[in-house]
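Below: one structure, written as structure tokens.
In order of appearance the chains are A, B and C, and numbering begins at 1 in each one.
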């Protein structure tokens, strides 16, 4: 088991390096340091000398990958890539371009609000998805199933933006049940979280229910279920004991991979509800073109994805002893 | 003078492919059964009608040409070197067909079928006094879905969004199909190091958060591209083509962020096919690998391509709206539902609420996405009976 | 869940975004749209930053809160300094001396005695008299996340050295002050001084790099061990210390506008203790920097700095005695603005700013009473404001019912559409080109633009100088005759007709928008617009230009690329704006002088307009005091600019502010930023009204519940039937 995990992590290293190279190419060639400097220095009275000074002070005056005039290893080390991109590998995110804040520290503090909203959204959503999907599977073929599926398809055909706009308008403004947006720390945050969580769960309900319903139906049509039924087990018992257990693999694939991303927050939700999480952080950085932050978030995102993949593989072995490591 | 955008080619390809399937389904065996399956499903047929309507609108909006500039004397204007001068405005067939709707603009908001403007204005009475009242519209009862802030017909704007929606939904998959098939088949068929490399490429790409990849890519390619509106001579190549098209780049990057699923599916299927008896047999007969791939593998993974295509369609249409919200979607002059929603967000806080813009975008989008979802399911069921339940 | 939540919120206003313990506190609630980047006074240069900075720091001067036109009054100094001019030989010149004779302009400033800084750990001293919190190591900082977490704090008196230090900081290459290029032109020896500091910095960096070898990472090293430049090593002749409370600033030219700068945060005092305190790597590591925790003498001090959520300023107990002004404009007493005359400032105990990036939630929370003030977005405008028969803005009945007050003020800024005067087809100074630009100026009907996009919140501009600034004339005299006619009967300007504009076009050689070969005139239009309004705004421009037969080619780009194009001169028409630094016509007219051209000199003259006569008059106008003579020169300048029409003058925005009835002492002041000390809140009234306005509507929930129950009845029936069948 341990060797398997280690091997998986070793496999991940080239991917991480690849991501790092790719982001360096994208971000340093797309947004030249001149652009960055001008944007950050402001709108009034920006001279070329100031741009040059800014670049020099922030280390953006170097070439991206290869510094020909330098000697020896300095050819490689005196570059933007070596100074700015490589340190990401050991989670040294550096400072933001725009206001010189410590990105690592910022990520640590912003992670919690993100988690505060995404964790309840995720668990509540999953439970609700599974429950409704199982109901539909149980009553398959009845009009309940038919309309349930129709409703799910209708719900997934509506853009998330409509859910958010409509929810804020109805529950926040007209009914005055919740604060329209905002956030607070500790227990005071609860009243702010209800609205986004409800909207978040609703907006993903359609897709979730439809997906898990097919998963359950696939299991139900298998031979062992027929055997179980033949044995005289009630439909409910069949569904909850046998089908659910065996449907765990597809469910896990879907679920485990997204667990690390809970830290990552949701761009749109956090924006609309003014949650000071990582999603909001990212959108701000995109709009202000602070690429030190965007780069860090790209890197963090890929790490979380890879962690998710590894976790998925490990979790398989826990639910299904037939899956072994090669 | 015709003008062809890169995304127009996508629409043409889409229409061509649809026609091909329709014709081929009369002859080819497997497609025949699919046709029969779909024919049995009434709901799917209704959805098909909806989709056909959308594709038709998109097609009409993709055939465009520039008029020659007409001189004062009625003849077309000629430049110093004798060439005819064309207007920089390339109107599509849709623009021309609905020119009434396009040109009959009001000053600002008006409700559906209204006779008067929606906002009060200070107007000068006949005696010079200033009255604040609802001014009458220039074209009363002409706007079925009302007008927006600058008085453009909302129905027309919604129809202009159709092309963007269809291009994003269809184009994204079309653009990446060749790559997905190539990489998927090669990886599955040859295995070994090639397989490792392909897997490495798609794991790396899919591990980068999609939105951020899109942002970087759109800043690199999208911002210099054609964003809708007037055609600038800088963008025209070979007299009629505008290949540097922001919407096209959006399709490409959305494709890059979503191709892994298709590639993985094709790879898996190829792995299976490779071991099948008839493929092994062809090998034993000494038929070249390339021709095996071409004859036996590729045709047998096409159903996966089709399924992915219809299933991804609706999600991509929805994604466009969100990207436009973040500000990395299509340009502001390109009609799109994302842009409409983005504008309409603010209108909800008006009092009285301006609801028709949001409703139009919602309805137009819903009427495309819902049928696409249902039809997608139907196609999948028909093509891949293993996945059918009930 | 809902019940739990209702219990938690502990009352009848479940949508209250604040904690229950805060109700009834004497706190002013407002918002900020974008987190401030720098709260370092040498660096901050945007209104979002000034909203905070101006409450904390006190530059020597401030604007009178009530008087108009804007008047400078002392803030921490004895009087507003008057410059003494000297010629090259050191001889004192009279006040009206010709600018070319002036070699030195000396401003002597006397700081008031007894002004104390806020309590701050930078001033904390140990028993030995040494600063307590210097050379901190990470382990010393356990449990310290904000400045308020330090146990010991101290204070000290404000001295002239603190102002001098700040002027030196302006030259610090590490701080990179945005106004350094401006002051290098004026303050004696500042340029040489800043170059010397830059050399020092480069020298230190080189030394460190060589010492550390190849693995040197400048960013990381300077974060851990900040470079401390020795400001005293080089001489800065532009600043002289006379004694503890007196210093002089010496300019190398006559620059009467300089006093206005003394009211801006760039000249706030920064104590050396603070400067050194914040140069500690261990603190920077915890994001405790001068950009986040300023130290000032002002009425408020930073309590919580959480730019992701909220920024809270609290009353500075050490704040020196300052009273509410006793006089103002004639109408101020009548409006109740002098009720607090002579009362000690400030009034509110706390200023709470919440981050609100979306317009809709912000507006709705204002209506619910959770924010005390609000600007009006265009889309909530109809809801809040209607126009009376006389065309004046007033509140709608719904707003009046809530007791909201509306205050309007013309901002000292201009949004204009410029032409690139270097462009071949649209620039140039021949009569044809002038006519072409005049025709476009007529076609771009800014009355309509303001009506559509700003809901009337703007004034069409006749010249670059906005109302309220010397040189602006309203009525018949101020009208731009190239675009408007004066209607004597209605007493207002009327835009010239489109026919006239088309005639101008024909005279310019573009009959119906075609050149003599019949080729349509295509003009490119650059703008950095984003957001919901950009599409309709672009369409409006296209629509208006088409009325002249001109094809407008829109080129929206992101702000960076837009600026790059402006800098390279690669554009024809563009949209830009300018916000005044100080209320003097010089600050607007300099946008049009040739030596300020963007393409040639990287200045702020984006249209690259250059007229020798205009430039000559500018030199004269610049050095005059506001007087009828000055007005005459300005009139001449404006006449030249109007004829050349390098800009479509566009409009001056009008700010509409809404305030709830529990607020008092509010008068919009576009120049002053430190106005929050004057605001008074009535927390009891606010508490009462908030409760009244926010009782939740629960009945729809009951309806939804009923619907769900009703809807599930058939389901239950069918399930029963099915179960029954299964049993059988």
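Descriptive notes on the structure:
The rule is short, and it goes like this: a contact is a pair of C-beta atoms (placed from the backbone, for glycine too) under 8 Å apart; a residue touches a chain by one contact, two chains touch by 3 or more.
Here the structure is a predicted model, which is why all the values come from computation and not from measurement.
Most remote chain with respect to chain A, judged by CA-atom centres, is C. When the C-beta contacts at A-B and at A-C are tallied, the pair with the greater total is A-C.
Separating the centre of chain B from that of chain C, both taken as means of CA atoms, is a distance of 42 Å.
Rounded to whole angstrom units, the spacing between the C-alpha centres of chain A and chain B is 26.
For the pair chain A and chain C, the distance between mean C-alpha positions equals 36 Å.
Across the assembly, chain B contributes 219, 327, 345, 348 as residues in contact with two or more other chains. Along chain C, residues 360, 364, 558, 561 each make contact with two or more other chains. Of all residues in chain A, those touching 2 or more other chains are 31, listed in ascending order. Those residues of chain B that touch chain C in the complex are listed here as 69, 71-72, 77-80, 85, 87-89, 105, 107-108, 119-122, 128-132, 148-150, 152, 219, 223, 227, 229-230, 232, 327, 331-333, 339, 342-343, 345-351. Of all residues in chain A, only 14-15, 18-19, 22-23, 26-27, 29-31, 140-141, 153-154, 156-162, 165, 169, 214, 217-218, 221, 264, 267-268, 282-283, 286-287, 294, 297-298, 301-302, 305-306, 309 touch chain B in the complex they form. If you check the complex, the residues on chain B that touch chain A are 200, 203-204, 206-209, 211-213, 215-217, 219-220, 314, 318, 321-322, 325-328, 341, 345, 348, 358, 362, 365-366, 369-370, 373-374, 377, 387, 389-390. Chain A contributes residues 31, 34-36, 38-39, 41-42, 44-50, 53-54, 57-59, 72-74, 77, 83, 87, 92, 94-95, 98-102, 105-106, 109-110, 113, 139, 142-144, 168, 172-184, 187-188, 190-192, 194, 235, 271-272, 274, 276, 280-281, 284, 289 to its touches with chain C in the complex. Taken together, the chain C residues at the contact with chain B in this complex read 359-360, 363-364, 377-380, 382-383, 386-391, 398, 448, 451-452, 489-490, 511-512, 514, 517-520, 522, 524, 529-536, 538-540, 542-543, 551-558, 561.
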